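Right, I'll just put the structure down here and ask away after.
Chain IDs A, B, C and D follow the sequence of writing; residue 1 opens each chain.
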Amino acid sequence: MKFKNANGRPILLKMVEAVHENKQYLGDIDGLIGDGDHGMNMNKGFVTYGERLGDDETTFTEGLEDLGMVLLNEIGGSMGPIYGTIFMEMADAAMDEEDITLEKFGEMLQAGLDGLYGIVDARPGDKTIVDTLVPALETIQAASAEGKDFVTALDEMKDAAEKGMLSTKDMVAKYGRASRLGERSLGVQDAGSTSCCIILKAMADGMKSVME
Amino acid sequence: MKFKNANGRPILLKMVEAVHENKQYLGDIDGLIGDGDHGMNMNKGFVTYGERLGDDETTFTEGLEDLGMVLLNEIGGSMGPIYGTIFMEMADAAMDEEDITLEKFGEMLQAGLDGLYGIVDARPGDKTIVDTLVPALETIQAASAEGKDFVTALDEMKDAAEKGMLSTKDMVAKYGRASRLGERSLGVQDAGSTSCCIILKAMADGMKSVME
Amino acid sequence: MQRILNDPDNIVNESTAGFLRAHPDIVTTTANPRAIQSVFNHDDRVGVVTGGGSGHKPAFVGFCGENLCDAIAIGEICSSPTAQAFLDAFKAADRGKGVACLYGNYSGDNMNVKMAVRMAKKEGLTVKTVVCNDDAASAPPEEKNKRRGIAGEVIMYKIGGAAAATGADLDEVIRLAQKAVDQTRSIGIGLTPCTLPAVGHPNFEIKPGTMEVGVGPHGEPGMEVCELETAAQMAERMVNVIMGDDLPLEAGDEISLLVNGMGATPLNELYLLFDEAAKCLEEKGLKIYKSYVGNFLTSMDMMGASITVTKLDDELKPLLDMPCYGMGLKQR
Amino acid sequence: MQRILNDPDNIVNESTAGFLRAHPDIVTTTANPRAIQSVFNHDDRVGVVTGGGSGHKPAFVGFCGENLCDAIAIGEICSSPTAQAFLDAFKAADRGKGVACLYGNYSGDNMNVKMAVRMAKKEGLTVKTVVCNDDAASAPPEEKNKRRGIAGEVIMYKIGGAAAATGADLDEVIRLAQKAVDQTRSIGIGLTPCTLPAVGHPNFEIKPGTMEVGVGPHGEPGMEVCELETAAQMAERMVNVIMGDDLPLEAGDEISLLVNGMGATPLNELYLLFDEAAKCLEEKGLKIYKSYVGNFLTSMDMMGASITVTKLDDELKPLLDMPCYGMGLKQR
């Protein structure tokens, strides 16, 4: 199983939609232990990308590259470079591919995580995006190694991302605003890990919709 | 009846004591519709005068002149020039007198009020010092015209000052901080009229103690 | 009260000490601890003096400096300086050419200045005064003598100080400072009250969700209390009061626009208000020749801002343009 | 929330517009609305750039000016500028002699600057960076790379801008700005939280009656929360942290002392704190060569203050003394 890189548009649109629909929710979660702007920040970047895309077609990798550039150049803060880097590195890892296979997708996620690790100090357990991204990546890699089919792997990734996201509830924030609260950040889910889960799930659903 | 101008010390000391004892009270009253500093302002001036006087003797008029100068030169604000002017004008009106008679005291108070009117726009009914000073002055002048004795006149003045002070409860403040409150200043006694009453009563008691 | 204090009754002495220590290149002491003077000695100039209660920093000590005021009388928090402090400031500023005392219209200051001028006269010193009454919100034009002086005082000091720097004589300095006042209108909007350190709780009330149009720097009552508006609406409202006052302002007129923060309003918001006010004024055809934005005459921790419009002409423009150097106003 | 606003999400655009309109003698636009540049074109100098989130005015735009920074990247409220904004600021500042990017140590700024430097390199532009980490309260000396940049950034801009003005090359400007950072220690005390306009309620909590020692400009956690102290005690506590850090400060050393207000603390109180801190430092034999008191790097309506001590020498002193002209720092 695989999908055509050329069929990127529905995947990117799903991601834009998902962020847009969850703007309020992400803001509310960030409000509990952060400053409440995560939904606004993410929405601004994703919607801007969606508007720029307009009615155009795009490959999946071009789309990730463009989305990453928009985030990097328009939303600033930490989210711009963090998601910008993840998406741009994912794109780089498969830019010339005609088809995206499960194995390739695993490489893309790995590149995204490597890029992220290049710019942030956060690691698993620090209550950030990393806690969603790492289990998602590991699940894809394991499924790929075990020869599972792409759709099954994506469904498993969605579950893993969700578990990862939920696991941040039991963590103490070490980076970002929430780190101010120390132990008091326990019990609340991390906003960045939530947006990351929402984005990965939308990406998976988009990929499934063009799977061949 | 009269008293020797040379016997000023006990009179001035009574005034200093009275203000000092009522520091808190004056502050509290000012706090209701003003900024709560009237006790502090007045106490600072009067106590400074008391310290400067030390163990020295003073005539009543010299004492008033010196007290007025201290207020004018040390406490600033409105109280410095207002009480400074009242006391200095009172002193001027009897500076060369050996004895202070009831008539003379009436002239002194009139001079004090005239001086005050030269620097403030407030008139009776505006919820200020004027509302204590005017009835006190009128009572002394009436007693003098009617040939009453000095001590009786002073007792009547004390009552008149108190009535004047209490009458400010039913007035709406037009000057000073309390004017901000408009109608809401109704029901509360004016701080300046209160200090004026306390000072006039102490002055009267002091004068009675040296009356011949 | 979350503030940086030792003894609230000693705050004026302590902060004056800090001010003198921080700016020895601009200010120095006089014999009176409640009067300071600038270090710039220009022997051939009229002396310029101001003064007022403390708690309005940079006013008034921040306007002591080169081509600004030569000496400042310092009062207690929100309380006029003593007559003696004014007198000592006059003496420090006097270079034998007389002194222009430029101050704001508050009853305490009026009384103390009046007494100080009388005392100065006895000592052979000529002092003339200009009373700033730029606050268009504090009384109708017919009762201009009741109007408070607010941030327009900064323009008065700037013009008066510059006039003295040109070598003008006392009458000319007074004429020009008075002209600056006559050509200036201000209005403020208060958003929160302020807290006097010695009192410890807010001095008066401004209900959240409301704003007080025309509030004075000590919480003196304004024109009206209304619901909190957007910056654009506030600007329009303030510009309308100024344009509706008795100072003729017509399309093509050149003005200066000063936006003053009351102390605790973030600078971002002052720039935002400045932008809105400037747009309103330009829509009416006025030309903004010079702009000032910042905290000039504050009320401790009060939130809110005022705008000040001065109608300029060929006489005032070079005076406004003249370089100056005080802690509260530096211009080159 | 009692503030002067239109659309809270548009405050940065609006207040930047006001800033540009108010100070055409100092700053002007670039092609990117989130980067501004100074009007002073010195073709033979290294370009100096900074940038950061908004809500800290005068920082960062106020330090754009003559002998200060040449261009500034502007972020959203309390959020780093984009890499693109930094890149466009680099381009505006570059005169063919390279660009020194002097900024504060926050993770967002680090990431965006890093990306911008990479992008600049691709376009053939040389950019070197200095990261200010003066906040001694934000991590122990062994973990200096974790320390925040706070008001010491002002000293870094001053020295970096002055170094560029002497005609020094990029490496020399970087060396001197880095030296300024290395010789500088700061610590702040927070008394109240601040409110982000788009959020509408305080961002974090500081209980009345307590103070947070070492709080960051966005409410980052400090060293400890303790009971509110007198100004003298606060000053002593802050001086002790600075003197106890790894920068050797000995009797006879010359220093600059900067007291920075966090936004809503009355200026009176900053001078009072300055006086207390100066006394503490002088008791330890240090000589205060230069003083700065005011609001330089604020956190909107936060109350509190920080002190910044820089150890000077014959290389830094003339650079600190050099005249400069920006909205947030004017010196002659």
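Simple rule for what comes next: a residue touches a chain if its C-beta (ideal position, glycine included) is under 8 Å from a C-beta of that chain, and two chains touch if they have at least 3 such contacts.
None of the values given here were measured: they were computed from a predicted structure.
Participant: Which chain's centre, taken as the mean of its Cα atoms, is farthest from the centre of chain D?
Facilitator: Between chain D and the rest, the longest centre separation is with B.
Participant: Between chain B and chain D, what is the gap in Å from one C-alpha centre to the other?
Facilitator: The answer is 55 Å.
Participant: Could you put a whole-Å number on the gap between the CA centroids of chain B and chain C?
Facilitator: About 34 Å separates the centre of chain B from that of chain C.
Participant: Cα centroid separation between chain A and chain B, in whole Å?
Facilitator: So the centroids are 79 Å from each other.
Participant: What residues in chain A touch two or more of the other chains?
Facilitator: As it turns out, chain A has no residue touching two or more other chains.
Participant: Which parts of chain C, given as residue numbers and ranges, touch two or more other chains?
Facilitator: none
Participant: Could you classify the connectivity of these chains, where an edge means two chains touch, as line, ring, star, complete or other?
Facilitator: It is a line, because the chains touch in a row without closing up.
Participant: For chain B, which residues are in contact with chain C within the complex?
Facilitator: On the chain B side, the touching residues are 31, 35-37, 40-41, 72-78, 80-82, 84-85, 119-121, 175-177, 179-182.
Participant: Along chain C, where are the residues that touch chain D in the complex?
Facilitator: Per the stated touch rule, the residues are 1-6, 11-12, 14-19, 21-23, 54-55, 57-58, 191-192, 206, 208, 211, 228, 230-232, 234, 263-276, 278, 291-293, 295, 298, 300-301, 303, 305, 325, 330, 332.
Participant: Note which residues of chain C are touching chain B in the complex, please.
Facilitator: Residues of chain C touching chain B: 9, 34, 53, 75-76, 78-85, 107-108, 110-112, 114-115, 196, 198-199, 203-204, 218-221.
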